[in-house]
Structure formats: structure tokens, C-alpha cells
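Below: a set of structures, written as C-alpha cells.
Paired with chain B in one complex and with chain C in the other, chain A is shared by the two complexes that follow.
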Partner chain A sequence: MTRIRLNNVSKQFAPTTNKANSEVIEAVRKLSLEIQSGEFFTFVGPSGCGKSTALNLIAGLEHASSGEILFDDNSVSQLEPKKRDVAMVFQSYALYPHLTVFDNIAFPLQLRKVAKPEQRSAVGAIASKLGLENLLERKPKELSGGQRQRVALARALIRRPRVFLMDEPLSNLDARLRLEMRAVIRRIFLEEMITTVYVTHDQEEAMVLSDRLAIMRDGEIEQCGTPLDMYENPRTQFVAEFIGNPPVNMLKADIAARLFPALISRIGDSKSSVNAAIRPNLLTAVKAPVSGKSSSDTAVAKLIEMTGPDCWVHLDYEGVIIRARVPSGADISAGEHVHLEYSLDDFIFFENASGLRVELTAVEN
Partner chain B sequence: MVKRGAMYLLLLVVALFCTWPILWQFITSLKPEAELISLPPVLPNKPTISHYQSVLLESSFIAALKNSFLVAIFTTLISLAFGGLAAFALAKLNLIGSSLFLAAILSISMFPPIATISPLYVLVNSFGLRDTVLALVGLYSTFSLPLSVWILTSFFKSVPDELLQAARVDGCSTFQIFYKIMLPVCMPGLIATTILVFIFSWNEFLLALTFSVTEASRTVPVAIALFPGLHEVPWGEISAASIVVTAPIGLLVFMFQRKIVAGLTAGSVKG
Partner chain C sequence: MKRFGLKYLYLLPAMLVLMLVTIYPLVHVVALSLHRKLLIFDISRFVGFANFEFMLGDSRFWTALGNTAYFTLVSVALELAIGLGIALLLNRSFKGRGLMRSVVLLPWAIPTVVSAKMWEWIYNADYGVLNYLLNIDINWLGSPAWALNAAVLMDVWKTTPFVAILLLAALQDIPDDLYRAARVDGAGTLKILQRITLPMILPMIWVVVIFRTLDAFRVFDAVYVLTGGGPAGSSETLSIYAYNLLFQTLQFGYGSAVALSVFICVGLITLVLIRAMRRSEW
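Moving on, here comes the complex of A and B:
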């Protein structure tokens, strides 16, 4: 069980030589963070946000330009991956093509000169845990994507590393397999309780797997917290828009105030400087407003998305698309004019210029 | 069907065109002395192996064969060992100026050997290495190294970085990455390089002619060139000798053909 701390860690990449006007790229900027021992921690963000670099820095595949990385209370900043005792799973699985599944899994043990009988029993144990017993003699090219991913997991777990790192391990799998492997990863984590750092661009994956997550943007952490906290209390507009599926409705205040008349009491004079956000599942599309609930102006239904348990509608209001839930039984079809039921307290607001959350309380009349 | 037939016909013609010299050589090597310079017959009436016997019983030819093997094998080993390490560094170790270095290597390999032969002669002489196998090994290595570095660099570059990072995290040192991962994964590239370098040193004529004086270092191409006597050209023996020296190359290519084609990297990454 290892606690990881990052103190003001930055990583710059030298400009590539073949581009004339390229500048120094700062992939990670003054990252400070503490990952608890036995925690499942995820870096999530759009591509190019520095999340993979952050992981490589923890792994030791890259060395920080400045700042310090500590495992428990010892600095590992200058150590090679080998000395850090970390294990890693890669997006492309990175299995050794010339070795059998058995040798792939046993490779880290062979490098550490573990005795042959011990290797065999260790591989046997991990293989049965991951359902690989019958594949040990095969070469990687004879395996399916899901099987390869499990071999990669087994290879990483075999020597019980201090820290377990995963770089988008599921993004090469098809959707169904991804859900299956997601559960496998969570199960293994709960069994092994090894501090795990995970990187993904998929917010849902991050939400489901993590104890805590950090949303990164342009090399910096935008917000860090538990999945529920991130979902319910996004500190910035970026976080609000990144987390949640379907994505949050982000409206300019003046449009929001026209569509949801009750909002005017909150927005007041700050119409031009804030955005109002509300989750689609908190808006209910109805054909006719029911008295007693706040109801919106009418918008035109453009597109109905039936996902099985849920049904969503895309509405067009003054050229802006708004997503809302369609309650079961409500028969709404494209082209119809509908109202939205909403609760004033479900709205959150962000300052336009800075993207920061602002609290707007009811304006006294 | 007609299209297919025409294609096969074309392939047959091309194949025949390409193999004709060696076929003719083979036929000649089996002809008795009397039929050598007469046409017809195209095929020998009484095939004979007397040319092979006289060539293979000739001690100077056997010595040349031995020299050729020594030179080719050592040149190949040196090229693979040094070329492999250099290529690994150039392809995967993020050296500053690696592309410049590769360009320099390429330009060096473009010097025609004839242009460098006088300085090389002086050099070899001053080292006292004239008429030694060692001199040829050294010279051939300098000519084959650029080639091996280039081929191996492109093979090594095609290995995904994640594979090497995985090895590093699993606990490999840089040198272990090289011989435990890089070399086995790039086996087809190593074999291709082996064959090319071996063929180059096996066939090389100009340098061998310049630096070999006696049987001590004379290689097969030079030995064959010295077959013709003052009054006659022994076509039968020349043909037989040519077939004998072509055989190892043919065998080498044939043996590794499947290895070369086999895509060993398949399965390392999703594809």
C-alpha cells in the first residue's frame, strides 16, 4: 500500500526539431496532488490535457522537469521505473509478440530471477483469476482483444507492484467488452487493494471506477474529488460540461431567462455575464404544463433518443439545442412543441469570462 | 480465365528471362569439353560432372571458398552486432541529431568503392594487412555497416514505443530491452540484413582483387576470374565454379524465406 504525492510537478517537452516555429510544450504544469494508499484514482480529460504525461511521470517513463514525486515519504523523482516498483497496462496492451501468454505474464518475474516453480504457481494463480488458464501456450496474435487485455492485466499484477498504472486500457475494446472489463478491473482492484492510477478520456469510465478523480485541462487539474462531488458540485464550467451523459445544458443567461421565466429572479442584472447550466435528467418534457410546477416557454422537439430505460429529447429554442428527459408514457414526437418542467434550485451558474462557478441567490423583490 | 492464363504466361516469361543466365551456366557446367562452344546441342548429349571434379579437387579453389566463407561470416557478424546497436540507439533512444547522423551514414555509403581504393590501399599496407582475410573483413564491414544500420533502423522504428515502455516498467534495463524484446521482435529484419550483407561480401570483387595477392586471402570471385589461362578459357570449369559458389546463397535465402515473410510483429498491438 503506497501513498503517492506530487509536489509542483511540471513537465516540458523540447520543441520538435523538424518544425520551425514550434515552442516548448508544457504538458503538465505545477501539478500538486496526493493519492491515498489503496485508492483508485483517475486522471480524466480531453486528449492533449496532460493526463498520460502525468501517468508517465508517476511511472518514471518520463522525468519531471521540476517538482517532486514521492511514494510514501520517499522521493522517487530520479528513479527508473524498475526501481519504483510500478506496473503498467497500456492502451495497445503492449504484449511481447514473440512470447507465449505464459512467458508474457511471467516476464517481470523472469527479469527478477524468481525460481521457475514459483513462477509457474504465480502465473497459474493469476491466470485462473482472469480466466486465462487455457490460453497460456498461445501467442498474443492468436488472442482476441479482450483476452489480450486480460493478459496485460495479469502481467502487471503478477508481482504485486506498489503502484498499479493504467493508460486508457479499455479504449481499444468494443463497447460491450469495455463494460465487462471495467467490472473486471474494479473487482481485481478490490481484491488486491493496490494503489491504482488510471487514465481515461471517458468520463463515465472514470466515474464508475474511481474512488476519486481529477479532471485535467491544458496540463492543470481543473477539479479533483469523488465522482459524485464532481457531478453535483462542478467548480468550473469545463467540469460541468465534461462530466455527465447526456451532457449538461449550458445556456447563455439571457436565453435561459426567456426559456425558464422563473430564472429571472436569480439572474437579475447579470444576464450578460453568466451561463446557466442544468442536467438533462432534471428537465422533464411535457406537452402541456401542469399547474403547481415551474414550466418553460415552448421549444420544438427535434430529435428523440430512446436508450431503453431512458428517453431523451433534443429541443430547439432560438437556435440553441437543449436536452431533456421524456417521462415514460409521454408520447412526444419530433416537430411537436413542448414545455419543460424544472426546479429553480437545480440550476447552477458560471461566470462567462472565468468559467468559475458563481452562486446566485434569489434577488429580493 | 484467359486473363489468368495470360498472366501466368507473362510470369513464366519473366521468370525464365531472369533465371536464364544461371540455367545456361548450369547447362554449360555439365557439357563435355567438345560440346562447350558448339550450338546445337542446347542440352548436353552426354552430361558430365568432370568440370565439378576438377574444380573441387583444385586446392586453390577450396582455399578461396574457405576465405570467402570466413570473410562473409565475420563481416555479417560485425555488421549485425555494431549495426544493431547503432540502429537501436538511432531508432529508439531519442538521440539529438539522429536524423542528421542517418543522413551522414547514407551519404558515406554512396561513395563508389573505386574512388576510395587508393587511400584504402595505402591504409591497408601501412597496417601491414595486405593479403589478409582480416583486411577484407574490415573493409567489407565499413561498406556494409551503413546498409545494415539503415535497414535495422527502419525495422526498429516500426516497433511501437509502448512495447518498449512496457518492458521498461516490467524491469528491463535498456540493454535488456534491446536483446530481450527488440531483437526477437525484429527477427525478420535481422535475417534480411544478414542475407544482404552476406551476399555483398560473398560477391564483392573489386576490393578483393586489389587486396588479395595469394591464396592466403583470395576469395572465390577473384579465384574464378583468374581461371582463364594464356591460351584458353576453361568455360566448363568457370561454369561449374559459379554454380558451386551460388549454391550457399541460394540455400541461405531458401532457408530463411519463410522467416522473412512471417510478420512477427502481428499481435503485439491491436491491428
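Moving on, here comes the complex of A and C:
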């Protein structure tokens, strides 16, 4: 098992020569990070945030412009991928179209001149683990998306690399298959216990799979921690809005104070400089307020979203959309005026200008 | 009219043109080859396969066939090797790549007759730049040992760009991720070339070999302008021999038989090569 450390790693891409007025792009900026051995670590963020570049730097497919990358305590910054002993799964799967499934999976072993009988037994073992036994003679073009994905996984796993890298491996699959393969990836990780670095733009995938994750934005890490920590204690407004489904309600403080009257004791004088955030599942839509619970001003139900186990309502308040949970049994339909039950402690606040979390404690009267 | 018949009506004009310019001449050549037809002596009679029997014993025919095979094998092999090298170089990113791609194509853009005339001067024994540069004195086009090779060199110079551009197109179709995956899997530059790049462009290599072999086997203008088939028939190819028979000596019957032998050889080569190409497809 291998521990990965990144010290102040930056990566600039030279401007493309054939385009006028293009500038140097800094894809990753002063990245410092430690990934524990045997950990499932995820880089997550919107497209262009530098997460794939970070992965390529660890793989050795790109070389850092500055900074250092260490596996355990040895620098690998100057090493080619083959010397780093990493394996990688690509979004496109990158299967070799002219080779059979067997040869695709055995390719890394063939390059290392592993004897034929050992190749066969190793491929057989990994193929049965991933349900590919009957496909070994096929060519990639004869496989479905899910099957290609599993061949790519098998090829990466066959030689038990020091580090296992995955670049958006599930993005090209349909929703159901994605859930299935998510479970397969987590199961394989638990069996093999190889340090894994994963890249995705899907926050839910990142939350479900990872031991820890880093949210990236504009080439820098916005926040790094366990999924639950990120969800409950976002350090910035960006993280709060990125994590969670349905997304967090982010309201300007003055609107929030009118909708949730009790908030005024926490917001006080910072009305114009902060945003108030609350998760939709912590707001309960009711037709009539119940005494003893904090209850909001009325808002108009615009849209009901029934997902099966949960039911969500989109409310319009002064032109702002707020999402809230509809408790089972409550019969709310579009057009109705409803109240929201909330708890003052569930709100968190972010400074407008910097996007940073601020603590506003309730002022006792 | 029923829709069924309509589609044949649409095809009719094209079919008529094809009949006129391809099928009819072909059939006519076959018919001519079965006749003894000499315009000079006003002879024209059916002789069956006599022309072909004569051909089998005609040493000038076998020399021409040998010259044609030599020209084809050597020029296609060299064009493939050099063209692949150029394509691999042009597939890398460097400053001025776009310009280089255009420059490389130039020899191919020059008409064959023009470049043959040009090379005739390059090869000129007394004033040619080749002898000047090599500081030797060889009669390239006048000596039987060199004449055919001189034609091969000119053909390689002229046609390698075509090979390079086709192979470059195939190289650019290989997704970058395959190279990245191979590097992560542990392949070095040579292994990537051998296990990824070459197998991936193999179908295109066969296309190039087919195109070039067919063209080279039928070669006429390049050699004819340069050497006229000489000296002493040492660079005479089948097409030139057929031309000489048909239009220099007006032996329409035997000339057609020789021309038909080119057609038959080319057909057989194509069959074999297309089978090889099919097998290489992934």
C-alpha cells in the first residue's frame, strides 16, 4: 500500500501556438495534499477545475511545472508512468480496439514478460471476479458500455498496482449501470485495498465512494475532508452549494430574515453582507403552523417533486425559489400557500464577498 | 411506373456511361487479343489463343514482366517505409507542422510528365545535378544497370507524399487515450509503436499497398518519359511494351494480349491484397 503526497504542485500549460491571444493556463495551483495508504480519495469539482490534471500528475502522464510528488517517501516527480507502477481507468475506457478482451486485460502482463500460463490464470481470476469469463475472445467493439467499463477495470487491476487511478470512469454509462458499477468499484476497492484516487464531477458519486474527498475550484482545493464533514461543515459557500442533492437553499440574509423571522436574532446587523444556507431536508413544508415550533412566513408552492421515498416542494418567496421536504401524508399541491418548520440551529452563514463561512451566534435578548 | 423500376431508371445514365467508357473497351480488347490484326499488312483474322501462346515464348514479354515486378516491389516497399517515417514525424506536434504537411505534398502535386522531365535533367550524365552533387560520372539513364532504378527513385520521390498523407490520416484517428493507457500499462516508445500504433494503422497500410501496387504495376508515363523503356529494353515495363506493340508497330492483336496480361496480373494481385486487408481489420 502506498501513501501519496503532493507538495506545492503546480501545472501550467503553454499557450497553444496556433491560437492568437491565448495565455498560459494554470490548471493546478500549489496543490498540497496527503492521501493515506489504502485510502479511497476523490477529486471532485466542476469541469475545468483541474481535477483531471491532478490525476494525470499523479499518474505521470503530465509532469508538474513545480512542486514534488511522493509515493511513500520517494519522489516520483521525474518518473514516467511505467516506473511509477500505477494503473488507470479512463473515461473513454481506452480499450485497445485491435486486441481481444483477453489481450486487453493481459496487456500489462505481456509488457512485463509474464509467462503465458500465469497470464491465463491471472486473466481468468480477474475475469471471473468481474463477470467477463464469456467475453474473453471478443473485440471491444462487440461489447456494451458496461462490459467495456469492466474490461478497463480488469486491465487496471490485473497487476496489483501501487496506486489505482480512475478518471470519471462512470460518466459514459446510463444511470442504472452507473449505480451498479459504483458498487462494483467500492467492492473491489475493499477487497484489494489499493490506494485509489478517483476523479468525478458528480458529488453524489464522490460522497458514496470516498473515504475522503477534495473539492477543487480553479486549480485549487476548496476543502478536503470526509464526505460527512463536507456535507455538515462546508467551509465555503461553493462547497455548500456543490455538495448535497437536492442542493442547499442559499438566501440573501434580508430575504431569509423576512421568511424565517426568528433568524433576525442571528443575522442582526449583517443583513447586507451575508447569505444564509439551509438544507432542503431540514425544512418541512406544512399547511398550518404548529405551536411550539419555529414557523416561517407563507410561500407559494410552485412545483412538487415526488421521488418515491421523498417528496420535495419548490416554493416561491419574493421571486426566490426555496426547496423543502414534504412530510409523508401531507397533501400539498401546487398553488397552495404553505409554511416552513425550521430550527434556528440548522442555518449556516457565508460572507457575501469572500464566500467564507461565518459564525453568527444568536443574540440573547 | 412502379417504385421498383424507378430505381433502375435512375441508375441508367451512369450505367450507360460506364458501359461506353469501361465495359465496351474491355470487351473489345479481349476480342482483339483473340485476333491476328496487323494494320500495316491489312491482316485481320481470328486466331484463338495463339497470341497468348506466342506471349509465353516471348522473351521480351518476360523481361518486361520482370521489370514491372521489380519496379512495383522496390518502389512500393520504399514508399511505404519512407512514407511511414514521414507520417510518424508529422504526427508529432512541433512548430510549423501545418506548413510542413503542405510542403511534403508538393512532389505529389506535380504532374508525372513534368517531374519525369525534371528528373531527366537531374540524371543528365553531362550536366545533371546528381552527378555534380555525388561528384561521380554515371550515365544514369543510359546504362542498363541504372535506368530502371533511376525510374524507381523518381517514383519514390513523387509518390511517397501520397503514402505519408494517407498514413498520417490513419495516425490521427488513433485516440490519445490509447497512448496514455499504454504508457500507464507500462509500454515504452518502441512497444507503443509495435503493439498499438502499427496494428491500429495496419488496415490503412493495406489500402496504401493496394493503391500503390496497382498504380506501380501499370506504370507508363514515369518510365516512358524518363527512359522510353531503354536502353535496350532494360527498363521496359509491360505497359510500355504493350504501347510499343499497339502504337509503334500497330500489332493490335498481340498488343491487346499483352495489355490484357497487365489487367489479369493486376486483378490477381488485387484479390490477394484485399484478402490480406480484410484480415487486418479490427
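In the analysis below, the second predicted complex is superposed on the first by the 364 of 365 C-alpha atoms of A that agree within 3 Å, B and C clash if a C-alpha of one lies under 4 Å from a C-alpha of the other, contacts with A are read in each partner's own complex, and residues count from 1 in each chain.
Methods note: contacts are C-beta pairs under 8 Å (C-beta built on N, C-alpha and C of every residue); 3 or more make two chains touch, one makes a residue touch a chain.
Not measured: the values here are computed from a predicted model.
Student: Fit or clash for chain B plus chain C once both are placed on chain A?
Tutor: Clash - chain B and chain C, as placed by superposing on chain A, overlap.
Student: Could you tell me if A:A285 is touching chain B, chain C, both of them or neither one (first, second, both, neither)?
Tutor: Neither partner.
Student: Quick check for you: in the superposed arrangement, does A:I185 touch first (chain B), second (chain C), both or neither?
Tutor: In the superposition, A:I185 touches no partner, neither chain B nor chain C.
Student: As a test of reading the superposition: which chain, chain B or chain C, is in touch with more residues of chain A?
Tutor: B
Student: After superposition on the shared chain, which partner residues are touched by A:I4: those of chain B (first), chain C (second), both, or neither?
Tutor: Neither partner.
Student: A:L143 in the overlay: touching chain B, chain C, both, or neither? Say first, second, both or neither.
Tutor: Only chain B is touched by A:L143; chain C is not.
Student: Please work out whether A:N172 is in contact with chain B alone, chain C alone, both, or neither, and reply first, second, both or neither.
Tutor: first
Student: With both complexes overlaid on chain A, does A:M88 touch chain B (first), chain C (second), both or neither?
Tutor: A:M88 contacts both chain B and chain C.
Student: Which partner does A:L61 contact after superposing on A: first (chain B), second (chain C), both, neither?
Tutor: Both: A:L61 reaches chain B and chain C.
Student: So which bits of chain A does chain B touch that chain C touches too?
Tutor: 17-18, 59-61, 80-82, 86-88, 90, 92, 94, 96-98, 107-108, 111-112, 139, 141, 155, 165
Student: Name, in rising order, each residue of chain C that touches chain A in their complex.
Tutor: 95, 98, 175, 177-178, 180-188, 191, 195-196, 199-200, 202, 282
Student: Mind pulling up the chain B residues that touch chain A in the complex?
Tutor: Within the complex, chain B touches chain A at residues 99, 160, 162-163, 165-173, 176, 181, 184-185, 187, 264-270.
Student: In the complex, go through chain A and note every residue touching chain C.
Tutor: Those residues of chain A that touch chain C are 17-18, 59-61, 80-82, 86-88, 90, 92, 94, 96-99, 107-108, 111-112, 139, 141, 155, 165.
Student: What residues on chain A touch chain B, complex-wise?
Tutor: My answer: residues 17-18, 56, 59-61, 80-82, 86-88, 90-98, 107-108, 111-112, 139-143, 145, 148, 155, 165, 172.
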